[in-house]
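Note that the chains take the letters A, B, C and D in the order they are written out, and that residue 1 is the start of every chain.
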Amino acid sequence: MNNRYLIEANNLKKTFDTKDGGILKNIKKSRLKVYAVDEVTFKLEPREIIGLIGESGCGKTTTAKILLKLLNVDEGELFYKGENITHFKNRELSEYRKKTQIVFQDPYEFLNPRMNILNIVTEPLLINKQLNSENVKIDKAVEVLESVGLNPAKSFLYRFTHELSGGQRQRVAIARALILRPDLIVADEPTSMLDVSVRAGILNLLLGLKDQYNLSMVFITHDLATAGYMCDRIAVMYKGRIVEIGPKKEIIYNPRHPYTKALVEVAFDLKNFLENKDSFIKDGEVDSYEQNDYCSFEKRCVMMDANCKHDGHHKMQQVGENHFVACCKCEH
Amino acid sequence: MKKFNDNLKLFFSNKLGLIGTVILVGFILVAIFAPQIAPYDPYQRIGVPFGKPSMQNWLGTNDVGQDILSEVIYGTRISLLMGLLSAGVALIIGTIVGLTSGFFGGRIDTVLMRAVDISLVIPMLPLMILLAAFLGPSFWNIVIVIGILSWASPARVIRSQVLTIKNKGYIEAVKATGGKSSYIITKHILPPTLSIIISQLILMSSRAILMESSLSFLGLGDPTQKSWGIILYYAQSRSAFLSDAWIWWILPPGLLITLLVISFAYIGNSLEQIVNPRLRR
Amino acid sequence: MKFIVGEDIVLMSSEEKAEVLEKHGLNKPVFEQYLNYIGSILKGDLGYSYRSQKPVTDIVSERLPWTLLLSITNIILSTIIGVAMGTWAAWNRGKKIDIVLNNIFVFFRSMPSFWIGMIFIAVFGARLGWFPIFGAQSVWAGYMGFEKIVDIAMHLIMPTITLVILSVSSIYLTMRYSMIDVLGEDYILMAKMKGLSDKKVRYTHAMRNALIPVVTIVMLNMGYMVGGATIIETVFSYPGMGRLLFEAVTNRDYPVIQGCFFMITICVIAANIIADFIYPLLDPRVV
Amino acid sequence: MALLEVRNLTTYYETKIGYNEALQGLSFDLEAGGILGLIGESGCGKSTAGFSMMNMIEYPGKIMDGEVILDGKDLIKMDRNELRKVLWKDIAMIPQSAMNALNPAYKVGKQILEAIKLHFPEMSQEEAVAKVEHLLNLVGIDAKWYHGYPHKLSGGMKQRIIIAMALSCDPKVIISDEATTGLDVLIEAQILALLKKIALDRGLGLIIISHDLNMVTAICNRIGIMYAGMLVELTTTENVLRNPKHPYTRALFSSQIDSKDFDKKVTSVDGVVPKLVNPEDKCRFYDRCNRKFEMCERKCPSLISISDNHRVACYLEGDNHE
């Protein structure tokens, strides 16, 4: 049973109907299948942090929800410690859910405003019937609150979320995720709602907890700098597909996909990007989620030409150690 | 607990809410102590028919010589009780529909909401007249008719509240920890919905009182129970509006209906302001 | 179809019964009755009244115009008053005028409509004699031309005011909330920053968007207004559909009841269709 | 003379327990062609600053003091009618959440046209329409969108429309209040590039209000750092990057991730922003400062010049010792 990988995602696919909702509304009245996640494959080792990066609607949050089994895939398989969990139900599923937890973007949304911190933090124990007495409850809560840096923990127990600052709330959310001692934490843009001066504290806390509790993490963000700070590996997603995946230094110092290149430039040399933006990306945005079989980035790519339009060109190819790119213009 | 006190303060900081409460408490007291307050038994003939107001009969007597003041006082009982009971029936149905529809969504939601739309659009009163006439006049029939025909709008309000809560991050978080539907409903969805249910109950009561009076006025109420609507029904059928009798026969019951409905409306509105922060501006 | 004949039939002698059953086609199997019913509705035939033996179609079409007159006048007036007052209150939110208006409309909403009608009759009809208290026109006076129009208008005034008091509050409240919502939108701020005058902001930018929920509420209230018309027609002995329905119910005249419901449903559906045409004019997002 | 002079601009909000001193004594100059960044965290008063400069503060807010002098005229002293003539014509704003700044009921072209016709009543219909189409092209939107409704546009396109609208009456100053927040990074960068280009081409004064240090340093030539309603440092971008003086500015930079060295730990600033309702008269950064001394608790330091083009509100710098 012991397997090298904690999580293996194999060719995950998930489609949504475009019947309603947002931008998709304008495409066509007919029921178009839209790939929210398309052929997503990656592996996650224990104690590893992988970053999913991309713009809104690129499928990063959908991928995370699939990992947490909050959504079922249409196609593809998901393995946890070598075990196929794609079709887990009921008992097996709740066992798996104890091992995976999520930290959301907006801690205020994520925490029930009517519950005090003690009840919020210990709720996972209650749900999984691991609470025997009030004393155990308080002890566990204090322990976990201290580990996320809320000191003195006792003074927080009976407060409500609206009495806390943004950073403190996010710490409570992390404490709640930790209390079941999971193997995997999915952090969905955990710092994007926070002020810069607070953000650093949360990032450092997550890194510290990873070492302390031997956690693996899926870290979702739209900010490449944050991903660079947090992650071991980075997967860049565009329109539901992973377009480039590799160790963070490879991605940031040696980006190969045109989309990654643009992202790197914006994050680390914005001034240069502002002056020469036309050499990085074409004007326009993701106007349609219709997928083709050669390249998702077709419409905005500055390197696009007729040679690109061959079916199967969206497949990943290796360009370096552990570094894969979905672009036919990238030779080794 | 602190939050409860805050809300109480907020509720009473709204002067209208306070006025409404005072009036309602007054009505409830009158309803409970009607036999002690009323000078006569309203079902007893105590004077000449169509008597003018006098020291004995402050509001005169009706067509069969019963004391109108006593009728009006006893009427408080019937009208108040009927309003609350009908609203209760409506809210039970509305809550079940709203919760199921909002929480489970999908096809159930589509079907139930279509039903809500239809029952909101169809003319309510004609349907009530039909049902009431069909079931025959009795206290409970009226309660049931009003109740089963006015569940739609509370169902809609409750559903939208459930939907808002259901889409909150913390519900997803609970699901991710393995919380079951029953746990989520009882622990996370019902408590914040309860206050909306109560405020709806109060608003529905005020509407039910009006509907009851309308049905009774049309002669579809229980003629053996003296509600305000029934008093007005007899006043109308005896053409009280053609003589001076309207001042003591028609005016008082109508004013009392208005006053009671207003008190409910004030209470309901200030409750809603607490429950629905969007309105708190 | 069978159950709907009601208890009256139990009281009839067997010959009468057979005759009635024959006449109304009730001696055939239920399914065939239903098909016949649908078929005849499509042909515009709603059957015969049990009581007066006249065709229901005739009875209904005689009453329908009066209800339409009353309801349409009511909808137009309520909408104009509700929208104007709602806008005024929202613009002056929290000030004295807003509070006064709110309380007036809560008061309107809390009065039983039939009671207002009775008071009107007693005061302006019986006491002061300003308005006629009965019916939709002075049938026996034999007015012609302009005189007839004035006569009908005089008969219309009190029922209409009563009905407006009943239905204006929900329009007012919806307009006020919706306007307050819209006034908080960023595009209103934008319009102000562009240097537009308050009046322009209010009428071109805010009003149009705020009206959208009002159309919905008017549409949803159509049934409620028709219901309100039922009771007010009864109070004023106004010869409309509502009064007809009430009479039919008390007489257990089921074909007429069916006919009334059929007509009322048609009216409500028609109103909804009209509203569907108005929507896109106000809100380009609805196509 | 500077294009825009803001002097001691002070805006408070009325609350039940006293005034919330959201903006206290904001002063700066803006030259034509200058791009000034106002940066700070949530609650630092930067949005209040933007609206105060437009004299668009509404109840419960109130401008208590100060001058906003544009072309020798003080916007704060104007009455509503005078102000209406100046707004948009001389000073325009791209508000936060531009997504919602377009009226859903009207065609986008109409909404731009409305401003032009209001401020240039003598312009003919054809000229005005031509101008709108020109503006749309300028911001990279096909002129056919003149007849489009806002709900048909994506977020980035709406943002561009708003920029076109801000430019429509050829203002001298444009204030951009977190205008690109919420857009995807690449779209944001493209729009910033557009904004910068237009400002430089037309010699506008541009004020960028933002929380994003990376963005502000890339686009602006002068930067004001705000904290708890006050400007704590105002200087050139060069100085901010190379030689930040105020402890808060330094803290902000040490919480930024270093792109050259991801292993370098970032640090956060402990503590929270002080309450601004009836604040104590001490340095507003006092509670979170790691270099405070007894002077700081006595009186709030004011913004003083420590060298050319460098002003700081801290007792550690210059002669700020009274």
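To be clear about the criterion, a contact is a pair of C-beta atoms (placed from the backbone, for glycine too) under 8 Å apart; a residue touches a chain by one contact, two chains touch by 3 or more.
Just so it is clear, the model here is predicted, and its values are computed rather than measured.
Engineer: Give me the chains shared as neighbours by subunit A and subunit C.
Structural biologist: Output, common partners of subunit A and subunit C: B, D.
Engineer: Of all chain pairs, which one counts the most C-beta contacts?
Structural biologist: Counting C-beta pairs in contact per chain pair, the top pair is B-C.
Engineer: Report the inter-centroid distance (CA atoms only) between subunit A and subunit B in whole Å.
Structural biologist: The separation of the two C-alpha centroids amounts to 51 Å.
Engineer: Give, as an integer number of Å, the spacing between the C-alpha centres of subunit C and subunit B.
Structural biologist: Chain centroid spacing, subunit B to subunit C, equals 23 Å.
Engineer: Out of subunit D, which residues touch more than one other chain, so two or more?
Structural biologist: Within subunit D, no residue contacts more than one other chain.
Engineer: Considering only which chains touch which, how would you classify the arrangement: line, ring, star, complete or other?
Structural biologist: Basically the chains close up into a ring.
Engineer: Once the touch criterion is applied, which pairs of chains come out as touching?
Structural biologist: Pairwise, the chains that meet the contact rule are A-B, A-D, B-C, C-D.
Engineer: With touch defined as at the start, can you tell me which subunit C residues reach subunit D in the complex?
Structural biologist: Within the complex, subunit C contacts subunit D at residues 185-187, 189-197, 205, 208-209, 282-285.
Engineer: Could you pull out which subunit A residues touch subunit B in their complex?
Structural biologist: Spelled out, the residues of subunit A in touch with subunit B are 68, 70, 93-94, 97-98, 100-102, 104, 106, 109-112, 114, 123-124, 127-128, 160, 176, 180.
Engineer: If we count contacts the way the header does, which residues on subunit D are in touch with subunit A in the complex?
Structural biologist: Going through subunit D, the ones touching subunit A are 41-42, 140, 152, 154, 156-157, 184-187, 189-190, 192-193, 196, 211, 213-215, 218-219, 251-252, 254-257, 259, 262, 265-270, 272.
Engineer: Quick check on the complex: what are the subunit A residues that touch subunit D?
Structural biologist: Against subunit D, the touching part of subunit A is residues 23, 26, 55-56, 165, 167, 195-204, 222-223, 225-226, 228-229, 248, 252, 262-263, 266-268, 270-271, 273-275, 277, 281, 283, 285, 287.
Engineer: Applying the document's contact rule, which stretches of subunit B touch subunit A when the two form their complex?
Structural biologist: 3, 168-170, 172-179, 183, 188, 191-192
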